[in-house]
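Naming follows writing order (A, B, C, D, E, F, G, H, I, J, K and L), and every chain is counted from residue 1.
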């Protein structure tokens, strides 16, 4: 199993399709496409295959997470966006996925409004990365890759 | 109206399509199909017609509940899964449905994490059944049938 | 062990001796005796022996639960009434009993005053049934019987 | 019905048998017997019959309240003592009694420890009297008598 | 001092000038004048002089309470109305008055909205009477008179 | 009754006399007089008579609301200002008034400090309008007029 | 830009497709179509173009709000229904939209269950209108139009 | 008084009659009788007389504590079990007893469920011992004896 | 501007007219007049003019604060008394005043009842001084004078 | 004792060594040395001797406070910085010191983040001064000196 | 291993160096040296070696606990003083130590201020002893010795 | 400035000196030295100089953070350990440092005890990395380096 490359699903939740177009003072001017390119580049250098999904529908995220293992993915990098703070359903999907999931956030949620200080999904994840702008995705991928390598050795 | 058989809609919320495939230590190895068969069997012996719906989309659940009465259903058995603890929208749909709804849970939610101890939807329902594994659905159906019979007599 | 019939203790807590006599708008006109008869009938058809206990004394309930296993009972159906929301002692008795206990409520407690929304005892139980009127006892018994059968197979 | 005298049950909860013997700095030196005599005197002048009950057992209080109407009582004056702040069971008994119940306290509970500031039982009562020492019982009786007279006129 | 009659100030807070005119389903049809007459009658039979004050201004209530002792009053019966639940200023006035103050409420506040369950002023008072309709004022006066007599003996 | 014009009382609470003079970054430069003129203009075109009251005294607001119906008013538009978040007394006055009251706020209180997110008075009102600057008064008046017309038809 | 008419998107969230058909005691008998017609009429008289969207899917609402500006809309009137009290995702969509959004509610949410007293979305909006029945939509549109006119002048 | 031996009452609350028979993973296999023997042995070596009481009835515990001083006891060692976290009545009994009471727990309650982290009774006691298994009783007795000796010297 | 003397308004809230007459164990025997004299003396030595206002009416305090700047005052020293912990209206008045306001308290409120530990007004002020008895006023004046001098330099 | 000069210890807690070097927008550009000089100047004019201590170690502050009385100090002026909001240990040290301690803060903590609104140490102090910038130290010293003089007279 | 004597580290946290010198009304007149002597005496009679450490520095306590096992200690008796209620760091040190730790308190913390009712460290300990004055240390040592003996047998 | 290499300080808080020696089931067997080596290796490949500090003393951490900028560091990677959840002082030190600080945790704190779910320090940081075991330090360093590069470009 170790000879075939690892496959990672990169998921972005609600409103992230608008990234780079609105509220640049908070989220910057990088678009989600820019992030996907940066992630892909790092993935290639790490010998990992990445697929991308963005959806504004909680249900689509749940379905994708639930089917990821059957679809041949070994792990997930997920930016749950606003669902992070409210969605028990997403928490359950992560736990039910049987895969390591890394939670990433572009901003440092701990430095924003109080309702963004608590994550309902993080407790079901492997780990979290927050506050590094678009680089949070890349760091999350590296952390996931490291974890997958550790588990195999 | 009492001569035609009662029709019941059995709804299962997010992640329940994964039942029996993941986390068997919590949810067991029974699949949702197995549950549907068991419910159907009991329904037949009670002279009730049942239809099934599973969706990971809150919106689809809301639509189905909202249209259930117009669709000829006399009651609903619903496992709201993780939405149970967060969805005011589902609460409103149940109230707006004009039908008796029974909330069922496979596990005993009161014995799990604190965020599963409170149900936002239960207050809009007729009653609840939780903790009997797949049998919760069957007990919920029996309770609903009993209620429908009572109301008529 | 499977050849001798299962024995179930049906316990009703404080004020339930008044059932059917007061506040019929909330609790209906069925008396506790009526419920016992309905439970007995179902028990007979399920091949289960049932015994009944009603007490206004928490201490008597605790003693009965604690001695139930030694007394040859295989499970308990319990309506803890108001103690449901306050009694750590009852919670401990259920856990100490070594028996599966099913919590039942005549009304849908989630639709009543906020202080009835949380159960201290439910977390120590196998499962709960609430809101079906007197039928909650019958459904609770069926759920318990199903559980006992499952455990043996 | 108005020709026969009204009958009132005066109930005192846990620890009130110790009244006047311990902690006189808080509760004074009057004993429960002294209070009963003072209540009886006022009852006589109001043309009311009074009976007294003191118990340290919540269950006995519940039973007495539940049977009071059948026992010919028209109302209850009750000092629930420490149960005031914890007993949902007593709350339910009052509601189930179908009788007007007046809650009385010897001390001004609002001026004591925070856990004595909230009464679980008061919401089920007709009214409350607190802080007048032994006279709280007498004032509670007068209030109850006034209420019974009002209801009849 | 015991030869001259006791003088009591009876204070009614905001909105009580509307009593009997609005929301009779909650407050009844008795007007504040009716209450004053009933109180006066009882006062006369108890040999006590009473004065009355109603104001919608917290400031006037504070001033009246603060000057009551200098004005020759021996105690106060006060219905703080909505200020009961919010006014630290009134709490302080009662404490600063150096007089025994009895808090009275026409309705049983414990049976109404949650924000009426806690009294900020009661902790500064001698005692409370609530839920007896207009008779709460009379019972409060009797309790105060009893207290003044006790203190002297 | 429908032939004589409707009369509406427009009430502004504490500090609103300072409007337009201080903190223009939050409240703008429009004065309360400007608002009154705008309201009057709309009232005239709607065939409604309006009267205005501003007071820094809770007691005066309470009195005005309490007497509004007797004074011939059919409804009230009220900006309770800071009292919105603290005054049970004002809540009670609105309920006791027997009139439909519309709560208006110049700013969007939900976007300001947390202690401005909850209104104690809104629950006693017909409805609320907030965040439209001085236009909130006008919209509130229109909503009230619409309500009065609906009730009559 | 001021010569072409303003375009406004009117959004209605989950369950509002059922309006007028269920729970008329709370929501009245007006349907969503009736509301749309009333809004359209007022829009026409104000020289504004309106488009309508109703969805039970949070994701569709998010997408519509996110694309509104690119789609040529100048503002949004939104009834978030039950999502109002739970959806951080909707809050973020409003903020990301770059458009003024007016939150409207048919009922006075402050007078209903406690879980309807807090809005997660209102803080991201321009303002709110609640409690005027179907007229809330019309008032919300007027407020939005007024705001757009102000901003231009 | 110092020549006659000190007498100590050792009280065990609800469910402790089941000790050693159930849930040995939490409470161990020592029975309450074993504990009593160990306590008696230490009492003898310390020249103290001990009596034992176990009851599942809060009322019996209250009565025993209330009468302990009159019964010639100089102090109490009490394991209130589940009542520790809920019983204001027991708190009051301890305060009313006029005796030093030592609260003991077999397990370290601070390391168990959150609802066991707070003791309502401890504040009325002399001190507490928890977490040493059956030895908690012995340590509690030694602490009480030490206290009684200190007070005399 | 620096040649004419600074003018400071010294405001004392509800109940402070009773200072020195009641509860000397908490507030001491100094009267408000004594404080005014002490403040005046220090003001003279600092070359500042002071005016005094005491009122039991929140509305009068609000009005005075709102008009202070127009009245030629450069700053305010205010003891809000009990209003400190409840009055959003006073908070708003301070912010609307456009003047530096110093909050002073005679006692150390942090060492008194919990409801005195939080100040609603302090967040709108320049600073606070508490616990120095009557000297708190003098220190508050000195702090304000220092601030005014700093701002000018 | 009154002939020898009073000695005061001025303590500054964690991070105050950085004062004037970082975050000047919040704390200004004055350094701790500047403050010490200003304090010394005022101390001299008041005839008081002052010593200074700054430490980032809670333990050193505790030790210094504990030994202050033995070291000949008559009082302490302390800026506990961030420890103000978290340190029970510092609270206890102040109480154990047997000296009057004045708590000072450079900024108005009530106007900053919520976690700075509550002081754990203030309740153990004589009084507090906050919000006057470096002058808070000077005012604190004056308040302490005044207190020491009062106590002697 | 059982032939060599057990070694126990006795740790006392911040402010305990002041024991017996300050606040004797709360903590008594016994010094920490007196306690050490009493502990040593009991240790000798139990065949245990004890070492003592007192520090006002959390960091030193953490280091000592962390190195205790390597230093040859078999268990720890610790009075964390004020850190008990705030220090997650100490909690972690206890858990990381791999040794049984007994928490002791001189006073009955449950009978003091609310902020002393919860222990952050107790959940990481073997057990707790509180309220017996200096004897709490001795009882804690005995409990620890008993535990070490049990574990070996 | 861009030609000289960036310097980063890597700080580890209380108990981390014990890493790898205790509780390997939670923290693994990697020691802090192992982590330092891994960090150094990555630093070298990124052309960054790293220095390391571990301390059990909050005060030493505060001092190091406060002096880091003067010491020539461009950023900090910090594992605050247990102080993360309690230390306002550390929060202030980070803000006062004027440097970007990355908070790292070995474990996924969101999946542990509730008191580890909230970070007091994270809000003052650039970002956080948690849950990747020792790799969290490396990812934190990479994130910091990325941030420093971004800022320069």
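Here is the rule we use: a residue touches a chain if its C-beta (ideal position, glycine included) is under 8 Å from a C-beta of that chain, and two chains touch if they have at least 3 such contacts.
Going by UniProt, the chains are A, B, C, D, E, F, G, H, I, J, K, L = 3-dehydroquinate dehydratase.
In this text, all values refer to a predicted model and were calculated from it rather than measured experimentally.
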item	value
For subunit C (3-dehydroquinate dehydratase) and subunit I (3-dehydroquinate dehydratase), chains touching each	none
Shortest walk length in steps over touching chains, subunit C (3-dehydroquinate dehydratase) through to subunit H (3-dehydroquinate dehydratase)	1
Contact-richer chain pair (by C-beta pairs counted) among J-K and I-J	I-J
Distance from subunit L (3-dehydroquinate dehydratase) to subunit H (3-dehydroquinate dehydratase) - Cα centre to Cα centre, in angstrom	48
Subunit B (3-dehydroquinate dehydratase)-subunit I (3-dehydroquinate dehydratase) separation of Cα centroids, rounded to whole Å	63
Whole-Å gap separating subunit F (3-dehydroquinate dehydratase) and subunit G (3-dehydroquinate dehydratase), where each centre is the average of the chain's CA atoms	23
Residues within subunit C (3-dehydroquinate dehydratase) bordering two or more other chains	57-60, 86
Touch-based graph of the chains, sorted into line, ring, star, complete or other	other
Chain pairs in mutual contact under the definition given at the outset	A-B, A-G, A-L, B-C, B-G, C-D, C-H, D-E, D-H, E-F, E-I, F-G, F-I, H-K, I-J, J-K, J-L, K-L
Subunit G (3-dehydroquinate dehydratase) residues within the subunit F (3-dehydroquinate dehydratase) interface of the complex	102, 108, 110-111, 117-119, 122-133, 135-136, 138-139, 142-143, 146-147, 150
Interface residues, subunit F (3-dehydroquinate dehydratase) side, partner subunit I (3-dehydroquinate dehydratase) - complex	13-15, 17-18, 22-23, 55-60, 81-86, 115-116
Subunit B (3-dehydroquinate dehydratase) partner contacts - residues on subunit A (3-dehydroquinate dehydratase) that touch it in the complex	57-60, 62-63, 66, 86-93, 95-98, 120
